[in-house]
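As written, the chains take the letters A, B, C, D, E, F, G and H, and residue 1 is the first residue of each chain.
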Amino acid sequence: MELVVYLAGQIHDDWREQFRNKIKEKGFPIQTVGPQENHDRSDEIGELIKGTQPNAIYRDEAASQMNNLRTTVLMNKADVVVALFGSKYKQWNTAMDAATAIQMGKPVILVRSEEFHHALKELSNKSQVVVETLDQAVEALAYILE
Amino acid sequence: MELVVYLAGQIHDDWREQFRNKIKEKGFPIQTVGPQENHDRSDEIGELIKGTQPNAIYRDEAASQMNNLRTTVLMNKADVVVALFGSKYKQWNTAMDAATAIQMGKPVILVRSEEFHHALKELSNKSQVVVETLDQAVEALAYILE
Amino acid sequence: MELVVYLAGQIHDDWREQFRNKIKEKGFPIQTVGPQENHDRSDEIGELIKGTQPNAIYRDEAASQMNNLRTTVLMNKADVVVALFGSKYKQWNTAMDAATAIQMGKPVILVRSEEFHHALKELSNKSQVVVETLDQAVEALAYILE
Amino acid sequence: MELVVYLAGQIHDDWREQFRNKIKEKGFPIQTVGPQENHDRSDEIGELIKGTQPNAIYRDEAASQMNNLRTTVLMNKADVVVALFGSKYKQWNTAMDAATAIQMGKPVILVRSEEFHHALKELSNKSQVVVETLDQAVEALAYILE
Amino acid sequence: MELVVYLAGQIHDDWREQFRNKIKEKGFPIQTVGPQENHDRSDEIGELIKGTQPNAIYRDEAASQMNNLRTTVLMNKADVVVALFGSKYKQWNTAMDAATAIQMGKPVILVRSEEFHHALKELSNKSQVVVETLDQAVEALAYILE
Amino acid sequence: MELVVYLAGQIHDDWREQFRNKIKEKGFPIQTVGPQENHDRSDEIGELIKGTQPNAIYRDEAASQMNNLRTTVLMNKADVVVALFGSKYKQWNTAMDAATAIQMGKPVILVRSEEFHHALKELSNKSQVVVETLDQAVEALAYILE
Amino acid sequence: MELVVYLAGQIHDDWREQFRNKIKEKGFPIQTVGPQENHDRSDEIGELIKGTQPNAIYRDEAASQMNNLRTTVLMNKADVVVALFGSKYKQWNTAMDAATAIQMGKPVILVRSEEFHHALKELSNKSQVVVETLDQAVEALAYILE
Amino acid sequence: MELVVYLAGQIHDDWREQFRNKIKEKGFPIQTVGPQENHDRSDEIGELIKGTQPNAIYRDEAASQMNNLRTTVLMNKADVVVALFGSKYKQWNTAMDAATAIQMGKPVILVRSEEFHHALKELSNKSQVVVETLDQAVEALAYILE
């Protein structure tokens, strides 16, 4: 049995790559999907495809058409979502992806340091699992496959 | 024809009260619903009902049970959602409420200053309407009722 | 028993007003809803609310945010849809509204002259009723209420 | 990961064949589906299977039974839809397919020249991506697979 | 609390009128809906609205457009369905209405003499209640309202 | 705004009557619904309506047709469910009602003494609110209406 | 692309076997599913598994548990349904299967001689394709795969 | 055709292992899934992953996050559910799993000794098949695959 896991979270560092390495080491039958991980490409993709836009707001709108196309298709294929919250960035996309998954009936493993418990309390309550590290998230996924 | 409008956003000031006043002035057949607006009560409601909890994290979890009970029931009754983003607070609840509404097929009017366009770009793209002020949100709602 | 009927079709003449008059004459318990009927307002509403846009394409996008907000909320409340096709205008909105309603399980009464049968053949096949005049559409609605 | 892409649009030229060639050149794991591409066969299939019909309207109805059977089954299997609009033909089927996909939660990549922006404004606003050429549509699909 | 009860069954006698009388005698807050009860009108309604059709098959198709428009809208408003089977007529509409309701999550009270148990065994198994008389069906409905 | 609250739980004592009294004292706009509260009637209703059954198992099956008819219709109308667990009885109906509500997207307020925490742990985790007394459940409901 | 086709209809002769032979001859990637085709086994399966039942009605109920288990699981896996109506037998199961499929969004190819057009008119109107022979049904399926 | 069968029931003995052996002996194309079968691990998994919790109630909550993550993902992949009830343990999880499956449209084969018929009567009525032994459940599954 294979699982498709959608990795929601900021795209400013390579945490997904590290996550995939952990999965590979353990030989789990898990395929990961998620948003574009190259931050610059994620910001530019709208203009790369549609051409220069009038200003920053429209540049963002064009990029979001592409980003949401990608994440919608991939989220539709996911069995479970891991949503990572950290100290940097607004992370409204992360909250959006987590809430969308929950409303679709796909369980969410929310990963956050305890220091963020307050601002994440409602989203945590709606999530299926709340842990503090990606290693714990991997353990939770492993538990599904036992 | 009456509309039920869910007001998503931070609960640290009385913006919803102002919004309701605008609605009342114009005599619109709109009922507003939303999360608990008294921030302290929102934080304490878990312990107020369930008793003292072991620590801050569990206090938040207990409060979230109550807050999500309220917002789930009220969101289910809503026709449209207004989601206000500002410069303060994490606002992960706001993003969560907006994304939940969108996934449920309820259109979202997202209100944000242009300065936040970048962090909100994907959520804005999924929202039905994006404006900068609550007055514009009221005009958008009025347009439904014309 | 009251019915909410969504009137899909071009907004360049007052056919909906005539339709409502027929309904009123017969004293049917029918409430009609639909897109903005004032064509200029429909085109301008985006800029009226959000301010001047960079060009015609963005003006249209802004207007569509408002128009789709309105039609989505009102379509959600509808029991049945009447979709009028004529010889003028692209009428892609009409086809969009009809198909959306059908996918939502709301039956569609498609009104078209026989001269358009070919281009409308697949949409007609998906519609519940196909007639040639609005008077026939009113008779079909009346049949529900008998 | 493979994608099933439904190609909505007029069936009077071989644009889908060109599209498939682009996909093949790039070696993307994409399977395309869509309506019958042979226009004459699409018009005749009702009578070919069910025999001669009383007149043109019934011939179209018979053909539409078969065409909608095909497109419904194939649309159900699609992950994403590309909807091409051009200057010729009514294209009400294209609008119907796009709106159906959107209501089913399948994102739509709408392809149209800017000259059609006005008549397509509401459908464009509901579509996930709006571009002007099929090459751009291919790039958008490629972005999902990166 | 009011209930809307859809009465599925043949339209060749006045069993629905008798049913409504029983409901009225008992003063239950029940509104009944269902197909057109005048059999001739049910057969003719297509031609009455759309004009003479080429032959009997098309006459039936035109009538069915109207009949299904009516029953779809009314079934959508129903809380529960009573489906009456008897010794006469094919009653494929009755089976169709019952199965549609079940698939929609609306419970069905199936009324049939024991002599028909065999041909109705699978539909009976899917129905929520199986009784032999309309009086028993009324008792079952009354039990909801106690 | 009125709420419909489904009261799930054993039917061997009058806890629902007490609950309704609390609601009435506080003047809340809450209508309560639930299974048949007269235990003997709940067991006998199958035979009362359908006549004597071959044995106890069939008597139970007949009664369950009626009981599930009632609870399905009423659950469909509910906004929220209160599920009471106690020390007596199997309470598989209570667990069934709670899980059904959760799957339907209706939040559940689970009421149980801490002594039952272990056997109820998974159902508690899926419930929106977990409290120990009906008074706390009333407070949680009141919080929705504030 | 493979299709799963559910064959609804009476189980008193081997029409499904003939259908499968046609499919095989043409080498179509079609898998057929459907109810138990051995009529005696279909009637006896309840008692074969659960033991002797009190009377014919309970024997039928026990069999229907098994038959509906089978057809529900297999219908869930189907892409399209072929429903065959003939001159013999009540065929309420056939109507039930067809209506269930339609409500699930799975298109139905209804096969019936013109002599049955009247009793089948409403179900025909809801079906996607109406033909008179299984050969025509095969052609319709082939059209999906072209 | 392969079936995924979810095995709901207590996790205090190896009944699932026996069930899988029966399946294997018969060479059925059935994959079984279900909750964690090692009872101690099921109770401890929360603390094993998230660390020591303040008390037994929170230990259970942490474990349930993991257990429900597992069962939700696996239930989503199931075609049919076998729910075993016995004389020991509360089995509220079993009732919860069965009711969840039923609400999701996945048929349930309920296995229980006749001695429990009364407390299980409503859940039995909602289940598709009711038998007394796991061998009978295997026969029912086999019947799907014939």
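Just so we're on the same page, a residue touches a chain if its C-beta (ideal position, glycine included) is under 8 Å from a C-beta of that chain, and two chains touch if they have at least 3 such contacts.
Just so you know, these numbers come straight off a predicted model, no measurement behind them.
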Shared interface partners, meaning chains that touch subunit C and subunit D: A, E
Intersection of the contact lists for subunit A and subunit D: C
Turn needed to bring subunit A onto subunit H - CA fit, degrees, nearest 5: 90
Chain whose average C-alpha position is farthest from subunit F's own: D
Whole-Å separation of chain centres (CA-atom averages), subunit B against subunit H: 39
Whole-Å separation of chain centres (CA-atom averages), subunit C against subunit E: 31
Mean-CA-position distance for subunit H and subunit C (Å): 49
For subunit A, residues contacting two or more additional chains: 65, 68
Interchain contacts, given as pairs of chains that touch: A-B, A-C, A-D, A-H, B-C, B-F, B-H, C-D, C-E, D-E, D-G, E-F, E-G, F-G, F-H, G-H
Subunit A to subunit B touching residues, read off their complex: 56-57, 60-61, 63-65, 67-68, 71, 85, 89-93, 95-100, 102-104, 114, 116-126
Complex contact set, residues of subunit D against subunit G: 31, 33, 36, 45, 48-50, 65-66, 68-70, 72-74, 76-77
In the complex with subunit A, residue positions of subunit D that touch it: 1, 3, 79-80, 105, 107, 109, 128-132, 136, 139-140, 143-144, 146
Residues on subunit F engaged by subunit G in the complex (per definition of touch): 54-55, 58
